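What follows are several structures.
Common to both upcoming complexes is subunit A, partnered first by subunit B, then by subunit C.
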Partner chain A sequence: MNTKITTAAGGLALLATMSVVTSAQEPPTQIMVRSQEAFLAAGNDMVARITMKLINKAGKERLRDLTMLRRDLEIGNQKYFMYFHQPADVRAMTFMVWKYPGRDDDRWVFVPAIKLVRRIAADDSRSSFVGSDFTYDDISGRDIELDRHTLLKEEAVGGTPCYVIESVPTSGSASEYGRKLSWIAKDSWLPLKEEYYDRRAQLARVFTADEVQTIGGHPTVMRRTMRDVKRAHRTEVAFESVRYDVGLTEALFAERYLREPPAEWIR
Partner chain B sequence: MTRLVTWAMNRPRTAIAFAVLLTLAFLIPFPFVVIDTDPENMLEADQPDRVFYTQVKEDFGIYDMIVVGVTDARGIFRPDTLVRLDRIAEAIVAIDGVVVEDVLSLSTTDNVTADGDTLTVARIMEDPPATEADAASLREVVLGNAMFREKLVSLDGAGAAFYVPIERKDQSHRIAQEIESVLARELSDEQRSYIAGLPVAEDTFGHEMFVQMAITAPLAMGVIFILMLLMFRKVSLIVPPMVIAMLSVVWAMGALIGLGFTVHIMSSMIPVFLMPIAVLDSVHILSEFNDRYPRIGDRRRTIQAVMQELHRPMLYTSLTSAAGFASLMLAPIPPVRVFGAFVALGILVAWVLTITLIPASIMLTREDTLQARVGARPAGRPMLDRWLPSVGRFAFAGSGRIIGAALLLLVVGLAGLSQVVVNDNPVKWFKPQHPIRVADDAMNRLFGGTYMADVIVEGTADETIKRPDVMAFIDRLQTHLEEHPLVGKTTSIVDVVKRVNYVVHGEQPAYDAVPATGEEIGQYLFLFLSSGDPNDLDNFVDYDYRRSNIWVQMKQGDNQDIETLEGVVAAFLRNNPLPPGIELRWSGLTYINKVWQDLMVTGMRNAILGGFAAVFILMVILFRSFRLALISMLPLTFSIVLSYGALGWVGKDYDMPIAVCSSLALGLSIDFAIHFVQRFRRKYAETGDLSVVNAYMFGEPGRAIARNALVIVVGFLPLVLATLTPYVTVGVFFAVLMAISAMTTLLLLPALLRVAAPAPSGQLQSL
Partner chain C sequence: MKLACDSLGRAVVVGILLITAVTQPAGAQETALHGFVQANYSVRVSKTRPTDPPGDFLLGDQRLELEVARASESGRVRAYAKADFIHDAVDGDARLDVREVFLTLTSSRLDVRLGRQVITWGVGDLVFINDVFPKDWTALIAGQPLQYLKRGSDAANVNLYLGPISAQIVAIPFFEPDLLPDGIRLTGFTPFPGRPTREVRPAQRIEGTELALRVYGRVGRFDAAAYAFRGFWGSPPGMELDGDEAVRFYPGLAVYGASMQGAFAQGIVSLEAGFYDSRDDPDGRDPAIENRQLRALVGYQRALGDNLTVGAQYYAERMLDHERYRLGLPPSFPARAQTRHNATLRVTRLFNYQTSQVSLFVWGSPNEEDYYVNPEVRHSLSDEVWIAVGANLFGGSRASTFFGQFDRNDNVYVTARYSF
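And then the complex of A and B:
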C-alpha cells in the first residue's frame, strides 16, 4: 500500500510542476490544494453508500442509489468504482473512473442489459454525473492548475470562518463557468459553499455543504446540495455508512469487477 | 339630441373647448401603452389548448425558437467558413435572453460516436477543423447522422443552422437584431444568412405594426381630406370632420389604454377602422348642407333643416355600426372583444362629436365666406348629378330584371361561400419580398422546418415512456410523419435511445433501432444522462417518464398544414392502434395558431349572426315595419355574401383580417340602407307617388350615399400600400364590401321598394 504523501508536500509538489504559476508561495492556490485534498481525497481509500435526489422545478424527484469505492494513489490521481442499486432498471450498472491530473478522466461503464463494458471519452468539466447537477469535475475534482485562484476576502459561513477564493479558468482551459467563488472552511479545509458563474457573469450553480461529520478523523461532508439556479433544478446528496482506510486494493479497480462487482464491498 | 345640437350652435366656442379639454384627458394614458404581439393571447388564459401548451413548455423546458441559417455557395465544410460559424455560435450564446444550454448548432450540440469500445461524447465541432481534409471528414460525420442532417446542416452541405431558444417571446425582435449584427460582422460576401421562426415574425410584426399605423392612418386621412375637398371645396368645412375623426381615435385608444388593455395586433387596427367611419356622419351633414345652403341662404336655418332631416338616420346608423362592432364582444377571443368594444365606443364618440362640433364649426364660419364658397356654386357635383339620376331611372324601370339578377348573384355568392377556405399563417402577414418571408422560404427549403409543433405522448403511469412497445410506436409514428412532405424532421427521446443503442454496438446499422427490452432502454438513457447534458433529455421526456414529446419541424406553418398533419396522425392511428396506456395530443406554437384560428371563425360567425339580429331589431324599431326592415337588411346581406363568396371563388384564404372585416361590413353596409329607406319613406308619405320619390332619392340622398361610399372606399385604399398583408387585405376587401353595399343600395333597394314598398298609408303617413 502506498503511503500517502502529506498534504503540504503534495501541494508543493503540484505547485512545482505548474508552469503558469509564477509565485509558488501564493496562498490561494495552496488553499485550493488543501481543500481538494480534504474534500475529495481524505484517507487512503473510502467506501460510502450514496443517495442522490434529483429534484426538478416542479418538485418531482429521481433517485440514484449507489455504493462508491475510492482509492487514492497520489495527489490528483484516484480511482473510483460505483455500483448502482437504484433506479430499478439500472440495477447492477457499474461505473469506473480513473482520475489523472492534467487530463480528462478515463471512464468505463458496464451495461448489464447487453453485458458490455464501454469506455467513455467526454469532457469532465461539463458532463453530468448520472444526470445530476454535479459534473465529473465536481465529483472527482477539477485540476487546480486549470484555474487562476485569488483570495478575495475572509467570511464566515454558518459561523465557520472561511477563505473566499475566486477561481477563473486560465485562457484555453475547458470550462463551463467563467468564474467560481469558493468558501473554504479555515478549520477543516472543506468547501462550505461554492458559486459558479457562467460566461455572461450570471450565477449558474450553487453548492452548499449542508452537514459535516468527522469520521475516522476526517471531516466529511455528509449532506450536500448543488442547485442549478437557471433551471431551478437541484441535486441533494446524502452519504451514509462512510468508512475510510478500509484497505481497498488497486486491483479492485479493473474492468473485470465492473462485470462482477466485489460483493464484499457492495451491499 | 336637438337640445345638444342647439346648445352647440349657440355656444360653438364652449362646445369646441369642451371637446378639446376632454380629448386632453384621454391623451393622458397614452404614454402607458403596453404592446402585445403574442398570438397566444388570442386565446383565453384558461383555454384548454393554451393551458396544455403552457404546461408542455413548462414540463419539457421548451422555449420559442429563432432559427438562423447560414449558406455558403461553396459549401460550409471549409475551414474558413467553419471558423466563422464557430464564432457566430459563440456570439449567439452570449446574447442576453438566449437559453444558452438549449442552443443547437455544430459548435454547441453533442455528438456520441463509437471508436472500438470507446464511446466519445463531444461537441460535433469541438474546434473548427484546420484542414480541408478535416473539414471533409466533419461533413461525413454530420451528414451521416440522422439527428443532424437537414437539422443542423442542409442535405447538400451548403447551409448550417442555429436553433436559438429564447426566454421570452417579446424579446425575439431585439435578439434577432443582435444576431443580425453578429452575422454581419462574422460573415463574408461568400455567405448568406437568414433569420426565421414564428416568434421573430410575430415580434417583428408588432414593431412594423406601429410604423404602419404611423404611415397608413395619416395617409388615409390625407386621401379622405383631398376627396372631401373635391366634394365640398371649402377647407374650413372639412377640417372639422378630419379633427373629429382624430379625436374619436384619441378617445377610443385613450380609453382602451387607460382601462388597462394591451394594444394587440387587433386593437392596432382601431385607428385605421375608425377614421373613415368617423367622417361618415359629417359627410352626410356637409353633403346636405351644401345642397340646401344655396336655397336657404342662412347657415343657422340650413343646419336646423339638415339636422331635422338627418338626426334619426344618423343616430340609427351610428347605433347599428356600433352594434356591428359590439357584436364582436360575443367572440371567444379576448383581443377581438377589446377591438369590437372600443371601435363601437369610438363610433358613438364620433357621432356625439359630429352632431355638436360640425354645427358649431359652421356657426363659426362667417356667412359671407359661406355665401362665396357654397352659396355661389351650383348645387351638387356635375359628375354625380349626371349619372345618379340615370342610375335611378334604370333601377326604377328595370326593377324586375335587377331583382332577378340580384337573386342570381346571391346564389353565385352562396356557392362561393361554401368554398371559402379558413387558413392563416403569421409569417404570411408579411409580403413575399419581406426579409422574413425570404428567410422563411430559404430556411424551409434547406432545413427540416422552422414551424414547430409537438405531439405529446401521455402515459397513464410513471415509466410508461420507457416501455419498448411505446418506444416502438413512437418510432413508427415518427417515420410515418417524416414521410409526409410537410414534415422536415421529427425528434424525440426514441432518437436518443436508438442513437445510444447504435453507438454502444459499434455503430452497426442493425442496432439503429428501438431495443427489445425495457432494461436496455433504461440503461441506455442512464448512459446518455451520464455522459452529456441532462437538459438534452429533459426537452423530450418528463421526470416521471410518463409524458414525452415528439418535436415536429414543419416546412410550412399554415393552419391548414397542421390540420393536414392532424389528419395524417389520425389515419396512422386507425392502422396502428395506440399501445395501452398512452394517448396523443397536439401542441406547439403552430398548433396553437390553428386553435385560435378555428375559434376565430366560429366566434366571428356567431358574433356576426348576433350582430345581424341586433341590427334587424333596430331596423324594426326604426321603421316600425318588418317589410322595410327586411329590405333594409339587403345591402348588408348582399355585401357579406357576395364579397365573402368572392373569396371562395378567387381562392383567397379566410384569415384574421378578413374575419374582422365582416363586422365592419355589418356596421357600415346598413348605413346606406338606413339613409335610403328612411328618406324614401318620408318622401313617399309626403307625395304618395313612387316615381316622384325615386327621382328625389337620386338627388340629394343619392349624392350623400355616393359620396360616403367614395369616402370609405378611397379612405381604406391607402392600406394597399402597407407592407403588412393584414392591412392590405382590409384595404382591398373593405373597398369591395363597400362598393357592393353602395351598388345594392342604389340599384336593388329602389327596385325592391318599387315592387314591395308598403303603401304610404297608416303608419307611414303618421310620421
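And then the complex of A and C:
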C-alpha cells in the first residue's frame, strides 16, 4: 500500500526518485519490479477504453473493443474488470480477474445470453487473451520471481536510453518462452521493446511501445504492438480515455457488476 | 397460452420499434439495438427412425433476434427486451418468442429486476442441481445453440448486497415447466404410449408462486453459495392415468443445497449438492411422482498448454425411498437403479487465434448404461459471422433411461449466425 501512495504522489516526485536510482545502478530484478509497476500498476486505479486490432498474415482485421477497470491493492495484488463493447458476438460479456503474486489468479466470465457467471481456467503464460497475440501474463504481468533477470547492456530505443534485461524462466516455472529481452526506458521505466525467444532460441514474438503519453503524472503506453514473428500475425492496441486515480471501489470487482456492468464506468 | 404469448410478443415488438424510433437524438440516454440473424438446421441420423410421423428434419429454424436496451440518465433504471422472430421450415410456422423483457432498478445495496428473465446459478457444466429454473431440453437435443437451453421466467428478482454476503431472492408467480420431447418431432420415453396426454399446471394462485433463494459470498479462496427453493418439479413431470387419458402434472418440490467453486491444483474445482424434497410424495410410495433425492457433483477443469481445456465431472442422483418406489411400481414398468452415476468429459481445443474451435462433450452413466455425445466444430469467418457443425448422439441399453430414451433423435446440425 505504501508503494502505491508514493506512486500516486505524482510524476515529479517519481522523476526525482528515478534520477537518484539511475545513478545508483539498480539490480536487474529491481529494474523489472519498477518496470512492471510503471507499466501495469501505475496509480491506485485506472480506467481505459482499449481497442485491439488482430491482424493476420493476409491483412484481415478483427476487433476487440473493451473498457478496462483496474484497481491495485497491496503489491502484486490487482483486480481487473473488463467489459466488451465489440465485436457483436461477445458484446456485453464481462470478465474479471483477481491477480495474486505467487499463486493462480481467480478469473470469472459472464456470458450474457444465458446469464451465466463461471470461473475460467487458463494457463497464464501461454493462453491467448481473447484471441490476440498477447497472453494473460502480458496483460496483467508475469510474476517477477518466475524468471532470473540479468542486465546485459544499455541501449537506446528511438533515442530513449534503456536497460536491456534478459529474463530466463527459472527451472520448473511454466513459460511460453525460453528467453526474453526487455528494453526498459531509464526515464519512465516503461518497456519500449521486448523480444521473446522460444525454447530453440528462435525469435517468436516482438513487443513494441509505439506511443507514450504522460497522463495524470504517469507515463502511459497509449499504442503498442505485439508481433508473432513466425505466424506473421500481429495485434495493435490503442488505449483511449485513460484516467488514473478515479476512486474505483473494491465493491466494483464482484459478481454483482459482472452481471450488471457499472454504467458510470462503461460508456 | 400461445395466443397470449403472441400478443405479449407483438406488444414488445411494437415497444421496441417505438423506443428505437423515438430515441434518435444522441446523448447520455442511448438506446442500443443489437441482435443476429441465424439459420439452424438439423437432420435425424439414427439407425431406427420413428415412422409416425416420418419426418427426418428436427430443425429448420431461421430467426432474427432483436435486443434493445436503454438506461435512464442516472443509470438507475434500465429496460431490456429480447425477442426472436422465428420461421420454422419443418412445420411452416412463423412464431415470436419473447426471450426476455425486464426492468432493472438499482440502488447502492439493492438491485430489483422485474419481468421475463433468464436466471442461472450453480456450478455444473450442463448438470443442474440447484438451478431449477425452466429449461428447454428439446433445444439441446435437437441441436440448437446452448443459449436456448435456458428459458425465461416471469419473475421478480431481488438482489441484496451486504458487503461480504449477497442474497438473491426470486419469486416466480407464473410456473413454466421444462420443455421435453413431445413425441412428435423429438421422441422420448413415455410410460403410457399411444394415449392422449393432458397437462395440468399448478394453479396461478399466490400459494403456487415459486420461491428461490441464493445466499453467496467468499469462503477462503472459494466462491460459496447456499440455495433454497420451493416450487414444482419442472422435469421430469408426474404422469398418471385418468381413464383413457394420460395426465402430465407438476408435483411439489423443495430443494436445499450448496456449492463451492475456486482455483485448486492449477485448475478450477467445482462442488455442488442438493436435497430434493418431493413435497407431494414425501414417503416415496407414489410411482407417478419422483422420489426424494440427493444429488451431488464434483468437477475439475484445467487448461493444458495454450489452447486446450479439459473438464471432467462426476455426478450422482440417489433416490431416498427406492424400496418403496420399487414396491409401488406397476409390474411392467422398468425400474431405475437407486443411484444413477454419471461422468462427463469436455475437451475444447482452440485453433488459429481462437477463430476455430473443436469440442467434444461426453456424458455417460456407467450403471444405467446410457450416453450422450456432442462433438462440434465451430469457425468464425469474421467478427460477425460464425458457423458450427456438430452432432448429438444418444443411446443406451434400455429405452427408459435418461439418455437411452432419446436414441431415435440422433442428429447432425449446422448453425450459421450473423451478429450485429
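Of note:
We take it that the second predicted complex is superposed on the first by the 242 of 267 C-alpha atoms of A that agree within 3 Å, B and C clash if a C-alpha of one lies under 4 Å from a C-alpha of the other, contacts with A are read in each partner's own complex, and residues count from 1 in each chain.
Going forward, contacts are C-beta pairs under 8 Å (C-beta built on N, C-alpha and C of every residue); 3 or more make two chains touch, one makes a residue touch a chain.
Given the structure is predicted, the values throughout are model-derived calculations rather than measurements.
Considered on the superposed subunit A, subunit B and subunit C are sterically incompatible, since they clash. Touch criterion met: A:95 reaches subunit B, while subunit C stays clear of it. Applying the stated contact rule after C-alpha superposition, one finds that A:260 touches subunit C and leaves subunit B untouched.
Residue contacts after overlaying the shared chain place A:115 against subunit C, while subunit B stays out of touching range. Once the two complexes are overlaid on the shared chain, A:58 sits against subunit B while remaining clear of subunit C.
Look at A:152: by the touch rule set out above, it reaches neither subunit B nor subunit C.
In the superposition on chain A, contact is made by A:105 with subunit C only, not with subunit B. In the superposition on chain A, A:232 contacts neither subunit B nor subunit C. By the touch criterion stated above, A:198 is placed in contact with subunit B alone, subunit C being left untouched. When both structures are laid over each other on chain A, subunit C collides with subunit B only at 505-513; the other stretches in 37-45, 163-171, 505-513 or 757-765 stay clear.
On subunit A, the patch touched by subunit B and the patch touched by subunit C overlap at residues 56, 62, 87, 89, 113-114, 116-123, 126-128, 130-132. Partner subunit A is touched in their complex by these residues of subunit C: 34, 36, 71, 75, 78, 104, 106, 111, 117-120, 123, 146-147, 149-150, 159, 161, 166, 216, 221, 223, 261-263, 266-268, 270, 301-307, 309, 311, 350, 353-355, 380, 382-384, 386, 417, 419-420.
Residues of subunit B touching subunit A in their complex: 58-59, 61, 93-94, 96, 100-101, 117-122, 463, 466, 504-505, 515, 517-524, 526-527, 529-535, 537-538, 542-544. Interface of subunit A with subunit C (complex): residues 54, 56, 62-63, 86-89, 91, 103-106, 113-123, 126-128, 130-133, 176, 233, 251, 254-256, 260, 263-264. Across the complex, subunit A meets subunit B through its residues 56-58, 60-62, 84, 87, 89-90, 93, 95, 109, 111-114, 116-123, 126-132, 198-200, 230-231.
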